[in-house]
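You will see subunit A twice below: alongside subunit B first, and alongside subunit C after that.
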Partner chain A sequence: MNDKGKIMAGLIIFIGIFTFPFYSNLGKASAVPEPLLNTPVIKQMPVKQCVETKEYMRANHMQMLNEWRDMLLRDGIKTYKSMSNGKEYVISLQNTCLNCHSNKKDFCDTCHKYLAVHPYCWDCHFGPKEAGV
Partner chain B sequence: MSMDRRDFLKIIGLSTVAGGIGGAGLLELRKGTAEASSAPHGRNKGSGSTLAMVIDVRKLESPDQYKRCIDACHKAHNVPDFGNPKDEIKWIWTDDFEHTFPGAGHEYVAEEVEKKQFLLLCNQCEKPACVRVCPTQATFKRASDGIVMMDYHRCIGCRFCMAACPFGARSFNWRDPRTAPNLQNPANLNPKFPTRMKGVVEKCNFCAERLREGLEPACVEACKDTKAIVFGNLDDPKSEVREMLRTHYTIQRKPELGTNPRLFYVIGG
Partner chain C sequence: MGALLSFIGVLVLVLVAVIGAKANMQFILGVAVPYAAAATFVIGLVMRVMKWASSPVPFRIPTTCGQQKTLPWIKHDWVENPTTIWGVLARMFFEVFLFRSLFRNTKTELHEGPKLVYGSAKWLWFFGLVFHWSFLVIAIRHLRFFSEQVPGLIQLLESLDNFLQIGAPGLYLTDLALISAVTVLFLRRVVLPNIKYISLPADYFPLFLIGGIAVSGVLMRYFTKVHIVGVKQFTMSLVSLSPKLPQSEIGAIFWVHLLLVSALFAYFPFSKLVHMAGVFMSPTRNLASTGRIKRHINPWNYPVKIHTYEEYENDFRDKMKAAGLPVEKE
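Showing the complex of A and B:
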């Protein structure tokens, strides 16, 4: 057992390198992003109300967008009736959602970046800035 | 209370008849309500609408007029132009008589017709070969108006539809369309309509997005002054399209293949 020292030193170095991501990021957790709602269109709304409630949208917007896609494209249903306020909304990501949320960078991207998700919506659909708005 | 066999059978018989009539009535009622409840969504499946186009090539005289239609379409749909035929994306384009109507010509065809360019786009076939071969149902025939639609979200880029389409109406995005030179200028973009992405097949959608807003297709609107393209409902005997078909001799592209194109051409003399 003459190599005890070497083994221990090796183990310490290994554990040091292996746990590097943990201690190097300790206390550096990035703040939970706050999507901004300060776009001109939203500011002008008397009642700040999305298609559904904030909580519902936060949890389910991705499923909802998939449903909207199939409703419009495959079933030819042009409007969506809100479950929360009963209003009818024209189904369109580019022309309805992004009309209010014209700040893609401060709205969509902040959370998507924080959660490291990469939705491919923008491969085809124009974000507000790219369209030169 | 006592009942003999004869009375029992009478009652059973009568109640069977009454039940049958009542049940049928209920079913009728339910049918009625089902239709009424689906109406507000604008879902009008099987409403007897088939959109079609009659292209009067006699009225498209100069290359300028073709270009106007093509430019209007390509601008409305952010169609990329890479400036080389290998990467070409076609929604609406032109070709000569021989390639448009193969087999329809002979050696004494009028020179004017033989040299003419014809405006081509997706034929919106009644029995589309592309829809039959699509493995993901990314391309499908819309029941409400017969448009052959593309769901780019589902397209996996296998290009079976391109092989199946006898009219060359489909193009594959070999390159990211966003990088096309013509789409770099924001003035050329339609911000209300998406682009496509690399690896999907695209084609003319009969301006489904404009029809939704009550507008005519972009190409029809672009040559409105000449009335070279007539657009309308083929199932409505009073429509302009049917009027054109009634009063003119029209031909289709490759009718022998049985896809039943919804584009008709007036060649004229």
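Showing the complex of A and C:
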């Protein structure tokens, strides 16, 4: 006598759990997030350039925001000198970042939603005023 | 020696991934190897378990650190020595989720005298528990790269893991826990002479491999960074069975992480790591102690050919009578 029946049941549960990502996504086309850069302020810019390069910002914006917070609130440093273009920027989420990126819903949220990231910026800060928000 | 060998093994894997990513071998690294590893993991594990399943179940083991059910005035330990399915489930729960057996771990020391001393040793249980639980949480958390609408439960788990909100991206507590636990488990094998003596490459290799996976993951999240949206597009294409390699550069460290994870999956069914399945099949844990309550028949009993006295007498009645022996039937 052996417990093949019970063990088979366990194996089926295991396979069910392990293959969950496969069958739960079967036949679903994944929507790729496309952050929009079509705000009025960006449209008026002669050279479309953020504080740092696109690649740097994409990888490090969260770290930069964190450092900006510490620079301004803890060390009293009010401006940030760009490493890529040498310009000085006023350290402010609402007046610098969100001045250009006034479309939180179509910019910040697209990737954050896609990756299920919940930044706690908006626990303290107001988001930009957007139509329909 | 075993440690060095295993370390070099993991290092070779890392180098293969780095060189492969540079040499445009993304298809092999990103599609062929992960699919093959996942298939090896599932098929290998199922086959290994089926092989175990075909062996006969041993007789019930009553000597399992708890008082067996006996006379009514002797207190019965229903968890450690259960007689019902509920007791077995409770015992399995404590074993699988809390490592009850390891909690009983003792140390043996020889002191001057000479005096032999036994004592409780909980630290292996503690770091083992930390290691396994943080690994589980990390594995579940990774489902956010494998589901379009990330289930609420996974998001809740992630926010709990990140609840100290240190830095951005937020520091996961399980990342710290896993790396510290894997370090302790490795140091245990090199610092304690008696453990070092019995450690083999098969013990060191999984530790280095899991350590490598954790370090590459930590580097990817907090330090060198990858193009994370590109990564998710790629992982989603893998699980929806229509693999599409990332169009832009996503960072070599991702390929290192992926190859190490693939190696872990592929290595799993052939190594000590199958204790993941084996723990459910421990006979001292999953068999109710019903050795005296129910009759258990030996599975390899064959029908024994017997010859009764009645048949014997039938064979030899005449001869017995002739010899003057008493017979039961005339």
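Convention: the second predicted complex is superposed on the first by the 105 of 133 C-alpha atoms of A that agree within 3 Å, B and C clash if a C-alpha of one lies under 4 Å from a C-alpha of the other, contacts with A are read in each partner's own complex, and residues count from 1 in each chain.
Convention: contacts are C-beta pairs under 8 Å (C-beta built on N, C-alpha and C of every residue); 3 or more make two chains touch, one makes a residue touch a chain.
In this text, all values refer to a predicted model and were calculated from it rather than measured experimentally.
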Partner chain(s) touched by A:H125 [first = subunit B, second = subunit C, both, neither]: first
First (subunit B), second (subunit C), both or neither touched by A:K43: neither
Touching partner for A:R58 - first (subunit B), second (subunit C), both, neither: second
Subunit B versus subunit C as contact partner of A:C111, first or second or both or neither: second
Subunit B and subunit C contact sites that coincide on subunit A, given as residue numbers: 120
Subunit A - residues contacting subunit C, complex: 1-4, 7-8, 10-11, 14-15, 18-22, 24-33, 58-60, 62-63, 65-66, 111, 114-120
Subunit A residues touching subunit B - in the complex, by the definition given at the top: 69, 73-79, 94-95, 120, 123-126, 131-133
For the subunit C and subunit A complex, residues of the former touching the latter: 41-42, 45-46, 49-50, 52-57, 143-148, 150, 154-155, 158-159, 165, 167-169, 225-229, 232-233, 236-237, 239-241, 277, 280-281, 297, 299
Subunit A partner contacts - residues on subunit B that touch it in the complex: 41-44, 140, 142, 144, 149, 151-153, 186, 189, 191-197, 212
